[in-house]
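Structures incoming, each one as structure tokens.
Below, chain A partners chain B and then partners chain C, in two separate complexes.
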Partner chain A sequence: MTIETVFLMVFALGALTGAVAMFFLRHPMRVALALIGTMVSLAAIYAQLGMHVIAVFQVLVYVGAVMVFMIYAIMLLDVRDRSFTERFSPLLVAGLAGLLLLLGVLVDGLLRGQPFPAVDVPPDAFSVGTFAIVFMEQFWVYFALTAVLLLVAEIAASAVIDIRRRGQDVAAAQAERGNERG
Partner chain B sequence: MDDTTFLLALSGMLFALGLVGVIVRRNLLVMLMFLELMLNGVILSLVVFTQLLGAEAGAVLVFLVFVVAAAEIAIAVPILLLLVRTGHTLDPGAYAGLKG
Partner chain C sequence: MFEWLMESFYSLPVVMQILFKITLIVLPLMLAVAYTTYAERKVIGYIQVRIGPNRVGPRGWLQPIADAVKLLTKEVIVPTNANRFLFLSAPVLAIAPALAAWAVIPFDDGMVLADINAGLLYLLALTSLGVYGIIIAGWASNSKYALLGAMRSAAQIVSYEIAMGFALVGVIMAAGSLNVGQIVMAQEGSIYHWFLLPLFPLFLVYFISGVAETNRAPFDVAEGESEIVAGFHVEYSGMAFAVFFLAEYANMILISALAALLFFGGWLSPFQGIVPESVFAWPLIGWFLDSGIHWFLLKTAFFLFLFLWFRATFPRYRYDQIMRLGWKVLIPVTIVWLFVLGVLIFLKVGPWFA
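Right, the complex of A and B next:
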């Protein structure tokens, strides 16, 4: 067993521990911290595989943006209702049975599967320079297209919220006028 | 078990845990986090195959998935905030009246 494999196992254990802890922690903030632990462990696995660009993006985008946004939402919504006091829904038994079934299928697939053939990959295949060249020469159109589509989605979401708010304002004004007449 | 198979098994386990978490937890924010866990499981398998085959296009695809995931959460959280402002709870059972 090489030192790389040992590191992979340690980080995989970290990722799995975080994921399992998410099940049992009650407060959403603790769940978020466990998820951050899982994401950082996955970033370490990506770095261990030589995918440094992906590891950096994992930390920057997921831990730095997505989870910070999630933590803001948790701080805004400190609701202590039934969703806080009761961790699990009535589907707990069915969900655990589904988990066992999924894990069974996974183990069965791993036991029956053939080992993957090794391909000669150049050592700098996933360096920042190679990624940047490939990205800017071949894939920049797709990225620009994705950005435009996402922008359209954000504008549409904002428009829907604005229409709904205006509708509520109009209804409130009509109700007020009705009260004044009455 | 070689490293590739081991990481694919981890990917499958993360996905399965995420899926079951979405089903069994009762808090909408926590369910959203389990969705992210599922996505991370899928991304791990994508990264493993990209590294195995030496395909740079896979790395670009992972980057695009990151971008879309960030946008997805940027839309999902405001929707959640609006829902809670209306229903005053994070219990998904309270929104059973939603259609569609």
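Right, the complex of A and C next:
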């Protein structure tokens, strides 16, 4: 067994453990950190397989940007919420079962001796140049459309929050007026 | 003797070779970090017409050692109701990316731990991870000051990362490569070939963003002592605090090294292409004037000095001023200059893009 295979197995185990931990951990911060662990492990696996660009983008986009905003939002949650004080969610048993199942599949694959099927990939298939050309020729429209959709969703979410907040303010003002009359 | 040493080295297992190379980078880096703290106190002392540390050892040279011993022997206090695991993990999360980023930094031609093609992207990815240490430290401390500091820091780092990323896109466009070594070699020729000239606005944006990303003065609102005591690391003491300190200074050295590599020709000599080639054959003087690791270290030291100079010179920015500078000044400047750069490359303006 080469050292590359050992690293691959370690990171695969890390990715699986993080993924399963997301099922049964209760506190949002712990869940987010488990997700980050999974993403970093996946990036390490991509790097091990020679796909450096994909690995770097995995970290740069998901871990370095998306998850930072999620953690930022979690920081502002009320940590005294009673639901956070219980360490595990009711899905603990299901999560552990999932972990055992995934580990079983992994061990089974390893025992069979051919865990990673050989794929005929050209050597420069995941180089920056190839990646950029394919992206700009085939996927930029979808990418731009997704960005617009996300922007629309963000504006809609902000609008909904604003309307709800105004509604709460109006209700509070009416209640106050009612109290004054009473 | 040298050949015997090299043969012995290459006869070691690969893992041992890699560990040895990592030690060769990390040990001098830690020493540099320790003595940057000394340099900071001395430089700021002289700027403020004081002497600075001068009690421990000759001229105060052993001051960093005394500081290290003090911090190592102090108790690490975990605040009440703090999340112990995350509280103790945060300093590690801060320093790990700061050290791992050095894997792709070339010190001389071919003198690099990992010569990967997407080196610059790797650096961007790792610098974006440094924010986790700060966020988690602020959150896990169970302190309002720490939380406020972490929130400020996270918003600042994320904002300035965009400007820095755009500035680095300019470097990638100019060099046509993501490999840091190849970016340096694209500046070969003479001092006029360095990317400083065609990318001057991007260099300014990069360095200002670098100062902001490292939370250094005048962008140190994340630990503004007059407002939030010490910000995200207010609850830290002893070695846990020292690790944050190490990460901050390691990041400062990294930003300085990158400025030297990406805009100032890295290890290339400023005399290259200016003095006759025969001068480089002179003993000692020729070695000094020729390209080599000493030029890289000198350039890095110069940018480190700028960090210290800024701290002694500028008053702290207000938080809204920092945000305005990042989003409304630096990002538009980089976008405009990327268009200008595209035109320069299209027109093959020399000597950089000929």
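Annotations
Methods note: the second predicted complex is superposed on the first by the 110 of 182 C-alpha atoms of A that agree within 3 Å, B and C clash if a C-alpha of one lies under 4 Å from a C-alpha of the other, contacts with A are read in each partner's own complex, and residues count from 1 in each chain.
We adopt the following convention: contacts are C-beta pairs under 8 Å (C-beta built on N, C-alpha and C of every residue); 3 or more make two chains touch, one makes a residue touch a chain.
The structure displayed is predicted, hence computed values, not measured ones.
Applying the stated contact rule after C-alpha superposition, one finds that A:Leu16 touches chain B and leaves chain C untouched. Of the two partner chains, both chain B and chain C are touched by A:Ala65.
In the superposed pair of complexes, A:Ile3 makes contact with chain C only, with no contact to chain B.
Contact with chain C, but none with chain B, is seen for A:Met75 once the two complexes are overlaid on the shared chain.
When the two structures are aligned on the shared chain, A:Phe57 is found in touch with chain B and with chain C.
In the superposed pair of complexes, A:Gly37 makes contact with neither chain B nor chain C. By the touch criterion defined above, A:Ser127 lies against chain C but remains apart from chain B after alignment on the C-alpha atoms of chain A.
Counting contacts by the rule stated earlier, residues 53, 57, 65, 69, 72, 74, 76 of chain A appear in both its interface with chain B and its interface with chain C.
Residues 3, 29, 33, 36, 52-53, 56-57, 59-60, 63-65, 68-69, 71-72, 74-76, 127-128 of chain A are the ones that touch chain C when the two sit in their complex.
Residues of chain B touching chain A in their complex: 1-10, 12-14, 16-21, 23-30, 32-34, 36-37, 40, 43-44, 47-48, 50-54, 56-57, 59-60, 62-64, 66-71, 73-75, 77-82, 84, 88-93. Residue ranges of chain A in contact with chain B, taken from their complex: 4-5, 8-9, 12, 15-16, 19-20, 22-23, 28, 31-32, 35, 38-39, 42, 45-46, 49-51, 53-54, 57-58, 61-62, 65-66, 69-70, 72-74, 76-77, 79, 81-84, 86-89, 91-92, 94-96, 98-99, 102-103, 106, 109-110, 113, 115-116, 118-122, 125-126, 130-131, 134-135, 138-139, 142-143, 146-147, 150, 153-154, 157, 161. Considering their complex, residues 14-15, 83, 86, 116-118, 121-122, 124-126, 128-129, 131-132, 135-136, 138-139, 147, 150-151, 154-155, 158, 161, 178 of chain C touch chain A.
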